[in-house]
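After this come two complexes, each holding subunit A, first together with subunit B and then together with subunit C.
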Partner chain A sequence: MSLKSLDPRVNRLNLPDGEVPAMEPKQELDQFETYEAFHQKKDGAAFTYVGPVHAPNEDVAFLFAKEQYSRRFACVGLWVIRTEHIQVTPYGNDGENIYDTLRAAQPTEQSEQPEPYEIFHLKKRGKAHTHAGRVMATSYLEALQEAKSAFGEKGPVVNIWVVKSKDVLQSAEEDKDMWTTIPEKKYREAIAYKVMDKITKYKEENKTTAQ
Partner chain B sequence: MYGGGNVFEATKFDDLQTEDPAKLAEFEARIARGEKIEPTDWMPELYRKQLIRMIEQHAHSEIIGSLPEGTWITRAPGFRRKMAQMAKVQDEVGHAQLLYSAAETLGKSREQMLTDLINGKSKYSNVFNYPALTWADSNIISWLIDAGAIVNQMANARGSYGPYSRALERICAEEAFHLKYGHDAVVHMATGSPKQREMIQAALNRWWGPIMTFFGPSDKMSTHTETLMRWKVKMASNDECRQQFLDMYVPKIWELGLTIPDPNLKKNAETGQWEFTEPDWDEFKRVINGDGPCNAERLAVRRTAEERGAWVRRALLNPKAKYVKPLA
Partner chain C sequence: MNELAIKDLLYKLADDQLILGHRNSEWTGFGPILEEDIAFSSMAQDKIGHSLAFYTLLHELGESEPDTVAFTRNANQFHNSQLVELPNGEYDFSLIRHFLYDNAEIIRFEMLAQSSYEPIAKVATKLKGEVKYHVLHANTWIKNLGSSTEEAILRLQSSLTEALPYALGMFEHSKYEQELIDAGIYGGEEAVKIKWLKRIQAVIEQTALKLPDLESIAPKFGGRYGEHTEHLQPLLDEMAEVFKIDPTAEW
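Presenting the complex of A and B:
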């Protein structure tokens, strides 16, 4: 016997009816690794954190992030970073500047030549990290020190993310046309639905009033 | 959309006795100041446990809730409605992804959550155990279930946990379209031919019972509930949400000349509160515990999707992959 549904597509699946044994617990990494996505709302705006995705590799992560975070709202650029590649400072209290509490320490790993790092600031708890800028450094710790002198003095920063620029997968300038589909899909906007005329007309014809 | 009505477990309340008093005081002071909690902050076990439970149930509700409406994509009347219905279903599944990630930051893996959903260990909103018999049912879900969800989500977005608030902000922004789309579809039927009116009225009659249970039974005010409110995990009582929903939507239903199948439903002019026939909580319990018209089908569909997709995920898995939980 297979499960009977109102939905013909479900019937075609021939699902077993009645008691079924419990599913084996899913294995670790069945849902892959995590990546963090950042979007740019308009040209010139700072990239802002939008959230994580699960994906088997960077390219798929980019695709998923594009679907998940740029599908519904204006977007002109997208960055994707493997979660593992982001170094996170401790979180401060709102209103504090976490740079003030960072103590100089000896980096465990250092590159011979300085390389670019991207710095993201969280200005207030509950908000999203935004891109503060790029610094050159030989380690994550040095990048933080550089970031402190470059843009650490401008008001509260409760948390900092530091990433090597080479670990950021960035959408390319020449692929910009991939963001242009949004205006075609007006049926996804609340503003596309105007019901008041129909309701008013109906009420006039039937003289109903809200009780 | 969201299955509201969280019934919080009345766990042993001495949970808090084992927490470090200094850390607990600092945590509570942060919330009292209106600051959000971020994933690496110290938090009481009870806070972590209840948030995981709540966010996970919310995620499951999104993914299961997309099934009754998904059923109607291919049969939606006309291209525009097919596309809109598809966009809405895609949104709901996206919301599940956002919410699973928010729950993950608290330490429960997505693998574990999906396993618990399929094996019936975690719940989802009970309303999705009822069928969408006709296109009109799908419209009632789009409008009124989403409306209920928005009441809930707007409240929860003001909660204390950073990742959940961030996810809810995005979700609420996307849901604005769902509500208008649903309302438009219902108005279209209600102001259409006699046959269309009859269909939408019948669907409303079928869904009113489940809708009234959507926010869950009245909260028992216990120390437990008080703590969760003080910690801004629970932002409004189930009754407050239900009253707000009735206030906003009953007039909109009545102005279409539709009737609500509860002769006792009226607003008490003195108290300003809606009075109604107490929903059938016995049926609610029976259905949530597995004995509803669609429980088996919903889980079987979800399970089949997981099982039939497993080989693709295995094939794609990088052997060097290492799991790190999402940051925020």
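Presenting the complex of A and C:
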């Protein structure tokens, strides 16, 4: 059976008729690595986790994250972090403060000089991790301890992400205009088009003939 | 203020954005990976949005409604450069075109943001941030792929060679070139071209690609005066297919 698409772009591909030859087996884990994106809804607001992208490197991850996560909503800044660079604590239950259960342990790796770390809190399961602040430390573990005394007492915090600041790719100040162009992009959502009224009207008008 | 000159400028800007926006939208669902498909489609949508903004300015100057202007003209009434109407080819060609085009477009928008004709200046100021992202997208890909595998470099190089005569065609002078410059409405194509060359050189230098000697290339002119390749009319027919079923329909 020869297939014809209603999409002229598909027909232009001149796909061969008949059996489609089987794809060559793919290598396992052949996908790009993942990066996690955080957006800032307005100036001064904390950066909040929005989701992952696959990308061959950080710069491309940034390109993808921008269109994937800021094209519909107001967004004034974006951070992108390679997933591998995020250290994750165990999860607590809602209402708990995971900082209380963290045991002081000896870090396996330590830098000679303290360096900045970014701390992200998940306040409730199902919500998004939000930037809580920055601490100076010589290891991820020390960063957690610093974070606990700096802003960890207020709870509840059910999970914490710790990232070295140098591993965060941040949108540049001079590129601010890239974000503020058109803050609301409702026209990109189906809901902005009032088609239901027209469909209802059409149905009303055609009620008798539709039987 | 010379209205004919301003209209000519607006048509050129709007038609370029509409036709390339439509071309690029042909990649929707066919992109190399999901995230790139989304990004490329989203930029295509931006471009069509930009064309609407310019057609709206034209409407305020007495031209027909934006939809009428976009969907009912024939190829010889379009003022876009031939570069934007060429078929997409493979992804290397689409990326090279995107790179050559948007690096010129950002210069136009920056210039227009300073235009003495206030309606254009307002639109350009509002939209240029989007074009800035389009340029970042294009440059990032060219830098990455242009210094990656042998196949990628060969493909991009051959697409670059193929696209350049058409890219130079973007800078075809309009009938009103000097008038627009003198009135401070638009800096003119020569000025855009000089800045454009610097911009694309700066990116290409960071790759294994080579920019051919532009002096030895004959630009493909004509687009600004309604002369087009055989590819534009089929694009317009496809773009207007649904509109033409019922031009009076309310959307």
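Rule of thumb we're sticking to: the second predicted complex is superposed on the first by the 175 of 211 C-alpha atoms of A that agree within 3 Å, B and C clash if a C-alpha of one lies under 4 Å from a C-alpha of the other, contacts with A are read in each partner's own complex, and residues count from 1 in each chain.
Here is the rule we use: contacts are C-beta pairs under 8 Å (C-beta built on N, C-alpha and C of every residue); 3 or more make two chains touch, one makes a residue touch a chain.
Computed from a predicted structure; not experimentally measured.
A.B. asks: Where does A:F32 make contact in the superposed view: on subunit B (first), on subunit C (second), on both, or on neither?
C.D. replies: both
A.B. asks: Would you check which partner chain A:K201 touches, where first means subunit B only, second means subunit C only, and both and neither mean what they say?
C.D. replies: first
A.B. asks: Look at A:Q68 in the shared chain and tell me whether it touches subunit B only, subunit C only, both, or neither; answer first, second, both or neither.
C.D. replies: Once the two structures are laid over each other on A, A:Q68 reaches both partners.
A.B. asks: Based on the superposed arrangement, let me know which partner A:N11 touches: subunit B (first), subunit C (second), both, or neither?
C.D. replies: neither
A.B. asks: Would you sort A:V88 into first (subunit B), second (subunit C), both or neither based on which partner it touches?
C.D. replies: first
A.B. asks: For A:W161 in the superposed arrangement: first (subunit B), second (subunit C), both or neither?
C.D. replies: First partner only, subunit B.
A.B. asks: Touch test for A:S149: subunit B only (first), subunit C only (second), both, or neither?
C.D. replies: Touch partners of A:S149: none, neither subunit B nor subunit C.
A.B. asks: Could you look at A:N57 and tell me whether it touches subunit B, subunit C, both or neither (first, second, both, neither)?
C.D. replies: both
A.B. asks: Quick check on the superposed pair: does A:Y49 touch subunit B, subunit C, both, or neither? Answer first, second, both or neither.
C.D. replies: first
A.B. asks: Using the superposition described at the top, determine whether subunit B or subunit C touches more residues of subunit A.
C.D. replies: On the superposition, B touches more of the residues of subunit A.
A.B. asks: Find the residues of subunit A that appear in the contact set with subunit B and again in the contact set with subunit C.
C.D. replies: Touching subunit B and subunit C on subunit A: residues 9, 32, 53-54, 56-57, 60, 67-68, 71, 187-188, 198.
A.B. asks: Which residues of subunit B touch subunit A in their complex?
C.D. replies: 30, 33, 35-38, 40-41, 71, 74, 80, 83-84, 87, 90-91, 94, 97-98, 101, 104, 109-112, 114-115, 118-119, 131-133, 162, 165-167, 170, 173-174, 176-177, 179-181, 183-184, 187-188, 190-191, 251, 254-257, 296-297, 300-301, 303-304, 306-307, 310, 313, 316-318, 321-328
A.B. asks: State the interface residues of subunit A toward subunit C in the complex, per the touch definition above.
C.D. replies: That would be residues 8-9, 32, 53-57, 59-60, 63-64, 66-68, 71, 175, 177-182, 187-188, 198 of subunit A.
A.B. asks: In the complex of these two chains, what residues of subunit C are touching subunit A?
C.D. replies: Within the complex, subunit C contacts subunit A at residues 26, 30, 33-36, 38-39, 42-43, 45, 49, 126-130, 132-133, 136-137, 140-141, 143-144, 238, 250.
A.B. asks: Can you name the residues of subunit A that touch subunit B in the complex?
C.D. replies: Going by the criterion above, the answer is residues 3, 5-7, 9-10, 13, 15-17, 20, 22-23, 25-34, 36, 49-54, 56-57, 60, 67-68, 71-73, 83-84, 86, 88, 90-91, 93-94, 125-126, 128-129, 159, 161, 185, 187-195, 198-199, 201-203, 206, 208-211.
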